[in-house]
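In order of appearance the chains are A, B, C and D, and numbering begins at 1 in each one.
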Amino acid sequence: MISFTCDYTEGAYPKILEKLATTNFDQTEGYSEDEYCRAAARIIKEKCGCTNIDVHFLVGGTQTNLTVIAAALRPYQGAVAAATGHINTHETGAIEATGHKVLTLKSSDGKITAKQVQELYDSHYNEDGPEHTVQPKLVYISNPTEIGTIYSRAELEALSETCKKNNLLLYMDGARLGYALCSEKNDLDLPTITKLCDAFYIGGTKVGALFGEAVVIRNESLKEDFRYLIKQKGGMLAKGRLLGIQFQTLFEDDAYFKISEHADKLAMLIRKACIEKGYSFLSDSYTNQQFPIMPDAVLEKLKENFLYSYWQRIDESHSAVRFCTSWATKEENVLKLIDAIKTI
Amino acid sequence: MISFTCDYTEGAYPKILEKLATTNFDQTEGYSEDEYCRAAARIIKEKCGCTNIDVHFLVGGTQTNLTVIAAALRPYQGAVAAATGHINTHETGAIEATGHKVLTLKSSDGKITAKQVQELYDSHYNEDGPEHTVQPKLVYISNPTEIGTIYSRAELEALSETCKKNNLLLYMDGARLGYALCSEKNDLDLPTITKLCDAFYIGGTKVGALFGEAVVIRNESLKEDFRYLIKQKGGMLAKGRLLGIQFQTLFEDDAYFKISEHADKLAMLIRKACIEKGYSFLSDSYTNQQFPIMPDAVLEKLKENFLYSYWQRIDESHSAVRFCTSWATKEENVLKLIDAIKTI
Amino acid sequence: MISFTCDYTEGAYPKILEKLATTNFDQTEGYSEDEYCRAAARIIKEKCGCTNIDVHFLVGGTQTNLTVIAAALRPYQGAVAAATGHINTHETGAIEATGHKVLTLKSSDGKITAKQVQELYDSHYNEDGPEHTVQPKLVYISNPTEIGTIYSRAELEALSETCKKNNLLLYMDGARLGYALCSEKNDLDLPTITKLCDAFYIGGTKVGALFGEAVVIRNESLKEDFRYLIKQKGGMLAKGRLLGIQFQTLFEDDAYFKISEHADKLAMLIRKACIEKGYSFLSDSYTNQQFPIMPDAVLEKLKENFLYSYWQRIDESHSAVRFCTSWATKEENVLKLIDAIKTI
Amino acid sequence: MISFTCDYTEGAYPKILEKLATTNFDQTEGYSEDEYCRAAARIIKEKCGCTNIDVHFLVGGTQTNLTVIAAALRPYQGAVAAATGHINTHETGAIEATGHKVLTLKSSDGKITAKQVQELYDSHYNEDGPEHTVQPKLVYISNPTEIGTIYSRAELEALSETCKKNNLLLYMDGARLGYALCSEKNDLDLPTITKLCDAFYIGGTKVGALFGEAVVIRNESLKEDFRYLIKQKGGMLAKGRLLGIQFQTLFEDDAYFKISEHADKLAMLIRKACIEKGYSFLSDSYTNQQFPIMPDAVLEKLKENFLYSYWQRIDESHSAVRFCTSWATKEENVLKLIDAIKTI
């Protein structure tokens, strides 16, 4: 059985395990105050083309989102997000558990627009008594989105401008950031994202690490005391070096991008096969997640040799499913899948 | 420089890294629903002598404490703990951040007694309007405590009985549980702890794992929906297998206990050297943490070759410090330390 | 200028002030443990046709909603509500501030249906990993709704049955309950509501009191320790007698219903005038709030002598507005308004 | 039976009821945006000798404390208070329920000192990793304290200076502020308190109002968006005018101070009687609460005609109790009590 269910079915990009082994007996400070974390932060700052940023390492995505958002908001403020955004759908109310409402915007492609944000903002402040409603303060976007689409430079610039104009914070959930940056349709890069966002994170868990997300904070108001929040929310790893070692390894030789490119390319092969077969897609994804809409009968057949994620019912006889690729996906397995798609 | 600052200065017990390497390309389910986690849970149930328990794997101690306590309490209830308890002192208000007060009891040895708990309970319910004060509901103890002392079987039985009688939950923070169970003074074991506590955790981070804590839940009322809480609080590791693999490795051949015994024995050597030198101790610890009270001048000298944790000032010329041992501590380094203690 | 902006523009039903004056020097216990509160609870139990209920008195609606919902939910559970529900729109995220997500259902008439609740429930539990999403637990409805519509007995029975079947709690926000119960279209009464809901509140603030809401709890699981929650959330009035005196006065001679009937009747006059004029309505309300859709030019004219609440723009030249009546509304003022509506 | 149990056993200072009656049919804006609230705020600003302050009206003390503290703190920050402080003992964990730890200081007289605050502050920032502990940010004091003692000008100046120096906020709980300001030992006044505190509240509930507390905010950082917090925490009264009317009435002719003086004077009579009888006191109170330590046998006898609050056991045959006076206390009843004290 070959699994394409998600991008965290395997362990880690092998060099990470090697580095963990060779450094195993080094004695270091705890809580990410070690030399590996410092080195990883240095290299990330370099890649972001900016030294005036703070870099923190956390273990997982939900933890990262709730920590950043809790740091950014006063109690009566909320986070604006697409209704399909991860913080609104798949984090068991983690944001609300820190006391904050998620203010949702409609979206069919997983993205939100500067115009939507402006309208929400205006609608709040045009209320007779705005204090009776949650004040929008942070705008949450994911790139790629939960359904694989990506923001263009123009879209992100518009969002960033709107946020700045209205004193909102722009935060990008980059759980799969590598796959966005290496997509054939991408026109963004780390320095641009750093400039346009107040904070974002570079996802490790879904891009080759055992676990780990690197939070980049550019906005000064978000920097202060951030480590207190990491600790309080349970995200401060005792052996923080593990995070430093992983991110150092991923960025040292641009492994992060090579991994992502590998995954995206294989995903494009799956995409092409589906198109050739005449299947349409739930979303226009050029990243490592593909969401073809397929006949249930075909899906049933595929199941004999392949695992995928069931996404949603489309009509009586068709469903959207998800195929994921990653650093660990072997081309031969993708070819087997393509062959199956073609022949079933 | 040889460091005795804490028990998480190195990576992991080597077999763990080996197992991570050999399983690296296995494809598994995420979120601890994989075969490794199931195997680890099975072996832990065996060691606890009880199949009717739930075992969950979380990443770190603060996260574990806040998740268990949030699961146990209704909004107006509090956790009873020694004033020196980790949840009261070194978790940046993580418990309060979930909405709950820590109700503190005085303690000079890090432990609390059944009598103290009963008095606090009575004092609450004897109030004219108890609803004006926080209702005690969960009793938090750490074993070993933050200063290395351990609970005897009789002490734990008394606490357990008092809790049961008053419908309180007893929860043991076992961040360093191995070091308690392998102490020469210990008369507890996992099956007894399982019987006497409503929940506890077996610490991995400080006892040989890269990270990870295994929560054992015996009380039925705590079992329901626990995974929702793990997820919401940011503690659900995507590649949950990493936790399963580590705990499986630690318990398969009793490595957990061998590691702990190794550390405790070396700690006893340090203890003995200090006693011979005439130093007294901050606490009567027979576990891997030793807290001798030493002349500042001696400490200054020791610093040239050894790292320790400064704990607290005792008088103008003496301080209590902490020396920790672990799975990674080499006997030769302990002998060097002892030699230094003797000769300075 | 005559105001129809809301139902709390004046003080209180005069008998309340009289009773406050005559009892002013009585010495009573604080915190609603006085004879007036006991008397008020007794009479409310009588009106609800049930002695096995708990009655608590709180000051305001948002406070009441957040207290009941915080009492009902475990941390990962959410409250299901119409997207237009008060807890979702006009309480500044008070529910989220207690840690809980509001799970919204679409609604054009302010109401939600049993079918919608069942679908949401099924959709949650049919998820592959339901623990990644907020668990629905309490169903919040308002009666009348925020736009004046009311639940029929059949609708409430269906909701109640669905909730019971799925172990959900049904909670009714009765901020304006009197106006629902006295509507010409109503077929519910307090005993039926008591039977069908797990908890609800009888609104005082908007129905003749200076302030105050009477929470009725029928479900045993919600009763325990409720006073702790009132206190913790800041809702326990020191001079609790003020609440007892008010509700005693309102229910002693059915003043509550007489007031509501008065308001509803006057609202029907406004409604009729609008219909005769050919205006349509935002909602089909037979309670004290009327939401006619009127030409902006007409509204402009009306403003010269009357205050109303602007509700929302309908098209380029029409808007929906709200006219409210209450115990304090004088028939002569309504006649003046009607005259203006007819003649402008 | 004559009750001295607390200062909220009766209704309200009669002029308040009169004013409520005469204004009952006025139509006003809701939520404290009416003319009465504006007038009350104006007069309070005058009394505070400062126009650059914000004045908000809330219903009760616990609500006020939790709202101000939630407004002041970021999630990882705590409120410093005497262990005997109201927020630490009698608010059912209301502060913790907003996510914040109360950091306690020892106190035998209910007060805390600038030195204690400085030591706590230093101890936090001298930690190796301060981010592992709660950051002190707001200093909470009550004046008079829970046991009737008051802060001198010098003490408050010292606290204020220490707070300013360390960027801490100083907040005074003035639930019984009138009784402090009218005490024969007092050397503070409203303008001085306004200058020295970042925020404080003037208690109405315990000083003649039906209910109500007037929050005064001087520090700019606390002013922004405060109404959002009032609303979210359930403290925004729909008929806000009730608060305006009450505070206007209390301050218009200095009734607030006359009431307080009346109560303090009667309390001094009780105090004197106790001293003459040779009784000692739990605290050195010159305000409306007196805490004599009396033989249990005497207390038993007193119970036949008088109600008091039992405070705490002192030894086998003695207890501390509380006698409270207020605006409603009649001199003849105090004389009866004194007579009983003298003759029993």
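As a convention for this text, a residue touches a chain if its C-beta (ideal position, glycine included) is under 8 Å from a C-beta of that chain, and two chains touch if they have at least 3 such contacts.
The UniProt protein names, listed by chain, are A, B, C, D = Threonine aldolase family protein.
Nothing here was measured: the structure is a model prediction, and the numbers come from that model.
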What chain lies farthest away from chain D once each centre is taken as the mean of the Cα atoms? A
Looking at B-D and C-D, which pair shares more C-beta contacts? C-D
Measure off the straight-line distance from the CA centroid of chain A to the CA centroid of chain D, and report it in whole Å. 50
CA centroid of chain B to CA centroid of chain D, Å: 42
In whole angstrom, how far does the Cα centroid of chain C sit from the Cα centroid of chain D? 34
Multi-partner residues in chain D (2 or more other chains touched) are 75-76, 91-93, 97-99, 131-132, 228, 231-232, 236
Listed in rising order, chain A residues that touch chain C in their complex are 75-76, 78, 89-93, 96-102, 128, 131-134, 310
The chain D residues in contact with chain C across the complex are 2-3, 6, 8-12, 14, 17, 20-21, 23-30, 59-64, 66-67, 91-94, 97-98, 205-206, 210-211, 228, 231-239, 241-242, 328
The answer for chain D against chain A in the complex is residues 31, 70-71, 74-76, 98-99, 129-132, 135, 225, 227-232, 236
